[in-house]
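Chain lettering (A, B, C, D, E, F, G, H, I, J, K and L) follows the sequence in which the chains are written, and residue indices restart at 1 in each chain.
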Amino acid sequence: MRILVVHGPNLNLLGQREPGIYGTKTLGEINAQIERRAAELGVTVVAFQSNSEGDIIDFLQAQAPQAEGIVINPGALTHYGLSLRDAIASLAKPTIEVHLSNIYAREDWRRNSVISPVALGQISGLGGRGYIAALEALAALPGKPE
Amino acid sequence: MRILVVHGPNLNLLGQREPGIYGTKTLGEINAQIERRAAELGVTVVAFQSNSEGDIIDFLQAQAPQAEGIVINPGALTHYGLSLRDAIASLAKPTIEVHLSNIYAREDWRRNSVISPVALGQISGLGGRGYIAALEALAALPGKPE
Amino acid sequence: MRILVVHGPNLNLLGQREPGIYGTKTLGEINAQIERRAAELGVTVVAFQSNSEGDIIDFLQAQAPQAEGIVINPGALTHYGLSLRDAIASLAKPTIEVHLSNIYAREDWRRNSVISPVALGQISGLGGRGYIAALEALAALPGKPE
Amino acid sequence: MRILVVHGPNLNLLGQREPGIYGTKTLGEINAQIERRAAELGVTVVAFQSNSEGDIIDFLQAQAPQAEGIVINPGALTHYGLSLRDAIASLAKPTIEVHLSNIYAREDWRRNSVISPVALGQISGLGGRGYIAALEALAALPGKPE
Amino acid sequence: MRILVVHGPNLNLLGQREPGIYGTKTLGEINAQIERRAAELGVTVVAFQSNSEGDIIDFLQAQAPQAEGIVINPGALTHYGLSLRDAIASLAKPTIEVHLSNIYAREDWRRNSVISPVALGQISGLGGRGYIAALEALAALPGKPE
Amino acid sequence: MRILVVHGPNLNLLGQREPGIYGTKTLGEINAQIERRAAELGVTVVAFQSNSEGDIIDFLQAQAPQAEGIVINPGALTHYGLSLRDAIASLAKPTIEVHLSNIYAREDWRRNSVISPVALGQISGLGGRGYIAALEALAALPGKPE
Amino acid sequence: MRILVVHGPNLNLLGQREPGIYGTKTLGEINAQIERRAAELGVTVVAFQSNSEGDIIDFLQAQAPQAEGIVINPGALTHYGLSLRDAIASLAKPTIEVHLSNIYAREDWRRNSVISPVALGQISGLGGRGYIAALEALAALPGKPE
Amino acid sequence: MRILVVHGPNLNLLGQREPGIYGTKTLGEINAQIERRAAELGVTVVAFQSNSEGDIIDFLQAQAPQAEGIVINPGALTHYGLSLRDAIASLAKPTIEVHLSNIYAREDWRRNSVISPVALGQISGLGGRGYIAALEALAALPGKPE
Amino acid sequence: MRILVVHGPNLNLLGQREPGIYGTKTLGEINAQIERRAAELGVTVVAFQSNSEGDIIDFLQAQAPQAEGIVINPGALTHYGLSLRDAIASLAKPTIEVHLSNIYAREDWRRNSVISPVALGQISGLGGRGYIAALEALAALPGKPE
Amino acid sequence: MRILVVHGPNLNLLGQREPGIYGTKTLGEINAQIERRAAELGVTVVAFQSNSEGDIIDFLQAQAPQAEGIVINPGALTHYGLSLRDAIASLAKPTIEVHLSNIYAREDWRRNSVISPVALGQISGLGGRGYIAALEALAALPGKPE
Amino acid sequence: MRILVVHGPNLNLLGQREPGIYGTKTLGEINAQIERRAAELGVTVVAFQSNSEGDIIDFLQAQAPQAEGIVINPGALTHYGLSLRDAIASLAKPTIEVHLSNIYAREDWRRNSVISPVALGQISGLGGRGYIAALEALAALPGKPE
Amino acid sequence: MRILVVHGPNLNLLGQREPGIYGTKTLGEINAQIERRAAELGVTVVAFQSNSEGDIIDFLQAQAPQAEGIVINPGALTHYGLSLRDAIASLAKPTIEVHLSNIYAREDWRRNSVISPVALGQISGLGGRGYIAALEALAALPGKPE
C-alpha cells in the first residue's frame, strides 16, 4: 500500500516558524515519525513539500495513480487553492486533510477550507499526531473506517 | 485517567439513522469499541448520551472536575449550542470534538461549529475511528501532542 | 393508523397568550377538535406538548416507530431547533409543520424555518384549522396527496 | 359565496411538467376537483390561469369586488411579483397562497415569497389537496378559522 | 411585591468559572445579596437556576402569574433562546435582562441578544451590582422609572 | 470624587421631544436629580450637553484628567461617533453608557453602539434612573462593582 | 412640446386603494389636474396606465420618439422592472420618476428603485403635486433646470 | 408663513465645485431665487449654511418652533448624520429633503439617506428647481399636497 | 430540424439602441443572418420577439413541443424572469442563452442570470455571431457537442 | 494570424477526469480539432497547458506580443487568478474565455469569474465546440463580430 | 510652495494616548519635525488640529485655494467623515492621507477609509515619518512622483 | 544593512502596461533608482521579480534570514496570496507593502489586502517614490520610525 503525504507552502520552515502555534518539531522529524509508523503498518509513504500550488498539482497527478490514499496539509492553500481542490476531486483517491493547529480557534479566514468538501475527513489541532491518525485511518481502508 | 465521552441529540439512533451517512454500527457497539481501546490505554471512560442540551451540561458540570479530558460529538448542537460551548469553556478540560461524517462536505449550515473555538481539536469524517483517535490524543496528554 | 401531534414551547399557554395573534382556544380545546376529526377518519392521535427540545425528541424517538405520520407545531424551535430537525429527518415519517399564525407576515426572523426542508409540507395562518388539514392530508397517504 | 382560484405561469402545463415534483394531474382535473368540493360547500368558484403577471392583476381587479376570497398559486411570481402583491394587498380580500410542492425543501430562491406577507395563510407541499384545504378555510370565514 | 430572579446555563458555576471575567462571588452569595436588598425594599424574591431552556420556561410559566416582575441573566441563551423570548413576551411582566460582564466588549456573537427586544431594559457590565439595580428599578414600578 | 455627566445631541430638548419614548422630565430636572444623588454620595458632578461631537471631545479632553469617571448618553452619536469613541478609549477613565429608552427594542440601526466596546458597562431602558444607577456604580469604584 | 405620463400596475385603483397612504383622488382626477397645468404650459400630455410591464414598454417604444420627456410612476415595477429600465435607458428621453408616498419611510424593499439610476430625477412623497412639479421641470428643459 | 432653508457641508462652494455635477449657480444666487419665489407665495424664508452638523442642529432647534416647514439639502450628512435625523424627527415640522443631482445615478453610498425616513418627501436631480418645488409643496400645506 | 430563436424585451430596438454597446445591425438583419446559416445547416428557424414575459412563455409552450432546441437572448429578463426560467426547465429542450455584449464586463446586476442554471450553455460578448455559434451547437446535437 | 490557446490547471487530465461532466476527449484530441479548424481558417495556433498560474503568465507575456488573440480555459483559476486577470488586461489582446461545462449550473462558487470582466466574451457549456466557436470569432476580427 | 498639514480628532493628545500604538512624540514635536524638513525643501507649512469635522472643513475651504497640496491624518473621521471627503474632492488639490499606525493590522472597522478614494495616495504604519514622506512626495509635484 | 525588494506578478511589464495608471518607467529604471538611494543610505538591496507566488516564497525563505527588512509590491497577490502572507508572517522581518497606484481609488476588490495585516506599514499611490520612502523608513530602523 502506498500513501502520499503532501506539505503545502511554508511548512518547510516548521520548527522555526511561530513555535507557540506549530510546535518545535522540524518537517524532517515529522516525516521520520510518519515513516516509522508507516513501516509498522506495512505502508509505503511518499512525502513532498512545495511552496507552489502548481508543483503540488504536478506531483499529485504524477503520483496518485500508483497510490491508495493522500494525507495533505495544504497550508494557506486550504483557503483559496481551488485548482488544488479540483486536482484532488479528479484524482478520486481517499484524502485526509490535516492541520497542526486548531484552525477553528484562530482568525476567521482560517476557518474556511475549500479542500474539505472533496476530502474524506479532516483532523485539526492534534499537532504532528494528526498525520499519524490520518495514516492509520487510510491504512484501515477499505473495510471502511469504523 | 478518566475521559468523558459525550454523544449529543439523535446519536442514540446510530445504526438505524441514514446508514449511508453515519454507518451501520449502533451507539452501543461504538461505546464498546471505545472502551476496549480505553482499557488498552489504561483509561477509564464515562459515556453519556442525551437529546437535551441542559442534561449534557448538567453531566459535564458534575463529572468534569474528576476527569482529565472530554471527547464530544455534539450532534446538531454543534451549530447553535452556545450554552454547551460556555460550559466546555468554563470547565477548562482538554476537549476534542468528533463528527462521524465529514461535516464540511454536507449542507452549508453544518460547516459552522460554535464548539470548535473552545476545543483543543476536531476530527471529522473518520466514522467511529474518530472517537478512538481523539481518545489516543487525550491519553497522550500532557507531554503535548506531536 | 396512528398520528403524533406535537406542540412546542409556550403552546400550553394558548388562549391566554396574545389572543390577537393566536386566537382564544386553549390547547385542550384544540386537541379535542383534532381528536373528534381523527375519530371520523379512523385515526388514533397521540398528542404531546413540552417546553424542552430534548423532551420532544425523546417523545418522537419513542413514538414514531409505531406511527404513520407527524403533525408538529414547533413554536419558536421552528427557527433554531436543528436537533429537532435531525430527529425528524432520521425518523423518516411524513411530517407536516403547522403554524397558527401566518409566520410570513410577522417579524423577519420568524420567516425562516429550519424544520420545513425535512417536512412533507407546511400550513401557516389558518389557526386551529391548520391541524385538521394536516391530519386529513396524512390520513389520505399513501395514494399520495392530490 | 364566490371564490377566485388563480393559477400563475406554467401551471397550464401541469401533468406534463416534471411530474416527479408536481404530480400527474392536469390543471383541468385539479379545477374539476375544486369545483366538486365547492359545490358541496355551496361556493361558486371562478378559475383563471395566465402566464402574464399583468393579466392576472387585470383579472383580480375585475373579479375581486364581487368575490369573498382568493386562492392563488402564483407559480414563480411567488418570488418576484411585487405588482401582484400590491394588487392583493389593495383588494383586501382574504387570500390563501397554495404551492403544490414544499417550496422550503427546494432551491434557496424558492423559499422566499413576496406574496405571503399580504396573505391570510399559506399551504405548501400537499399537492392538489392544498387547494381544497384553502377553499374550506375560506368557506368557514367569517367566524374565523379554528 | 414578588420578583422572579432567573439565572441561565452555567451560572451555577459562578465564582469558579473564569473569575477574571465573572468575578469571584458564588451564585449563593449573589442571591444572598439580592435578598438582603429585597428585604430592605419589602420585596419577595424567588430565585431559580437551570442549565435547560425548557426548565426555565416551565418555571416562568408556573411562577410569573403571581409575580410583578422578572430579573433574568439568560447566560448563553441570550443569543439563541427564542423559545425563552416567546415565553417572556407572552407572560407580559416587566423584565430586566442582566449580564455580569460587558457583553459589548467581548466576542461579536455576544453582542446580539434575542431577549432584549421583549425586555423593559438591559444592564450590562456592572457585575453583581446589575441585579440590585434591576431589582430597584422594578420595585419603583409603577409610577414608571425615572 | 468627580464624575463627568455628558449628554449628546438633541438631549437638550428632553421633555418636549417624543415624550412617549423619552419621558416628560427636562434635562434640567434630570441633572438636578443626578446632583441630589451625587451630594448624598459625596461626589462632585460636572454636567455638559452639546449638539456637536467635536465640542464633546474638547470637553472630555479638558475635564477628564481631573475626574474619576464618566457617565455618557451619546444620543445618536452612539451609532457613528468613532471620534468620540477614540477620545473615550484614550482618556482611559471608567465610563458607563446610558440610554433613556431600550435601544434594543427600537429600529435596527439603534441596536449598534460604537461606544460600548470601550465602556465599562451599559444601562438601557430605565429612564432617568439609568443615570443614577451609573453614578452609584462609579461611586462604588474601586473595590470593583459586584 | 409632448410629454408622456405613465402610471404602472395598480394605479388605476387610486382613490379606492389604501387612501391613508395614496390619497382620495382617482387616477382620472389626477390626469385632469396634470392636463390643466400642461395646457397652461403649452404642453401636450399623453397619459397611459397598464398593469403589464410589457405593455408599458410597447407604449414607450411607440410614443417616445415623438415626445420630449417622460413622467413615470412605475408602481411596484420600481423595484424589479429591469426591462422597463432598459427601455427608458435606450429611449434616451429625460425621465422623471414620481411616487405619491415617501417610499423611504415605508418597507425596506420599497427603498430600492431600479429605475432611478437611468432617470433625470426623482420626486417622492408630495402626492399628486409630484406629477405637476415633474411636468414643470421637463417643460423648463432645455436651458437646464435651475 | 415661515420656512427654514438649510444647506449642509460644502454647499457654500456651489458654483465653483464640480460644476458638471452641481451646476454653475452660486449659493447666493440660489438663495435669491428661492426668496423671489417665496415673496410671490407670501412666505418668509430663513436661509442657513454650515459645515458642522452640530451648528445645523443648534439652528434648527432655535428656529423651528417659529417656522411651519423645513427645506434641507443635507449634503454628505445625508448618509451618516443620525443626530441631524433625530433633530428633525423631534422637531416634528414638515420637512422636504432636496438634492441638486440625482443621487441614485451616482456612487452606491450616495443612494442611502438616513434623513428621508423622517421627511415628508424627497426631490432629487432637478437642480436648483428642486428647492422651488419643495417650497411650493410646503406652502400648499395644510390642505395636503395633491 | 426546428429551432426556436427568441429575443426578449427591447431587442426590437436593436441598431438604434446604444450602438456602442449593441452594434448597428437591426433585429431584422440579425434574423436574416441566422436564417441564412440555418438554411445551410438544413434547419428551420422560428424567430420571435416580445417585450412581455408572459407572451414569450406562451410562445415557448405552443412551439417547443415541435422543436428540437431553443436559442434565447432574454434581455433584462435574464436577471429576474423566474417564470421564464420555469418554462424553459419544464419544456426540457436543449437551450442556449445568448448575449450580444459581455454581461460580465458591465454593471454588477447584469452578471447574474436566473436562466443559465437551466440552460445547456451560454455565449456572451460575441455580438450577432453568438446566435450563429449557438445554432451550430444545437444543430450538432445529438452526438453531443465536441 | 496567430492565436494562443491556453489550458489551465488539471485540464491535462481531460478524458480521464469526471467524464460525466467534461466528456471523454483527451486534451491532445481537443488540440488536434482546434488545429484542424485553424488550418481551414488560415490561423496559426500555439497551445499551452500548465498547472501553475505563474507559468501561464510567463507564457502569455512571452507569446502575446506576436499574437492577435487568446482563447483561454482558465480551469479553477477562473475563480481566484487575479494575477492572470491583470496579465490579460495588460496584454490588451482580444481574449475569449471558454468553459467545457456550463459553470452556471454547478456549485455557487463556480459561477463567479474574475477573468470575464477583462475578456471580450465568454462561452460556457458547449464542450470542445466552445474552443472552435471562440477561434472563429477571433478569426473574424477585426471587422468586429456580427 | 504651500502645503496644509491637518490633524483630526484626538491627535492633540499624541504622546499621552496609547503610546504603545501611537508612539511617544507629542503633536508639537511632530509639527516641528515637519517644519524642519519643509524648510529644507523650501516649502511653507500651515498646520491645524481640531476635534470637529466642521472646523476642519472650514479651514480647508479657507486655506486650500492658496495652497498646492494637503497632508491629512483624519483620525477616526477616516471611517465616517463623508463631508470631509466631499470637501477634499471639491477642492481638487493633491492630498496624501497619513496614518501613524498600520490601520490594516487593527480592528476591522479601521480598515475602511472613506477618504482614500479621493486622495492621491496613502501612507500607513510608518509613524511620524509618514508625514515627512507625504511632504516630500507633494514637494516633488508636478513632474509626477517617480 | 540588507533589504529585499520584491516585485510580484506582471510588474516586469512596467512602462508598457497601462501607463496611465502605472507610469512610464520600466522595472529596470525603478530598480536603478532604488539602488542609487540605497547606496546613499549605505544599504545593500537584493531585487527580485516573479510571476509565481511559489517562487517569491522560495526567494523570501532563502534570503530573509540574511536581511534586515523587506519592501514588497505584491501585485495582484495582494488580494489572495495567503501563502505569501504566511511566509512574511513567519519570517518576522519588518516589511513595507508598496503600491504604485492608489488601490483605494480603483475597483472594490483592489481595496482589500491580505498582506497588510502582517506588514509594518503600507504606501499606496506615490508611484516609484513609494519604494524610496519604504527604503528610507526601513533604513531608519531600529530607533523606530518617527
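Here, a contact is a pair of C-beta atoms (placed from the backbone, for glycine too) under 8 Å apart; a residue touches a chain by one contact, two chains touch by 3 or more.
Predicted, not measured: the structure shown is a model, and the values here were computed from it.
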Chain labels contacting subunit B and also subunit K: none
Same-interface partner of K-L, chosen from the options E-F, A-L or F-H, over half of the pairs matching: E-F
Between subunit K and subunit F, distance of the C-alpha-averaged centres to the nearest whole Å: 32
Where subunit A and subunit H are represented by their mean Cα positions, the distance between them in whole Å: 63
Averaged-CA centre spacing for the pair subunit J and subunit D, given as whole angstrom: 48
Residues of subunit J touching at least two other chains: 52-55, 80
Pairwise chain contacts, counting only pairs that touch as defined: A-B, A-J, A-L, B-C, B-E, C-D, C-E, D-G, D-I, E-F, F-H, F-K, G-H, G-I, H-K, I-J, J-L, K-L
Subunit J - residues contacting subunit A, complex: 8-10, 12-13, 16-18, 50-55, 75-77, 79-80, 109
Residue numbers on subunit D that touch subunit G, as the complex places them: 52-55, 57-58, 61, 80, 82-83, 85-87, 89-90
Subunit J-facing residues of subunit I, complex: 23, 25, 33, 96, 102, 104-105, 113, 116-130, 133, 136-137, 140, 144-146
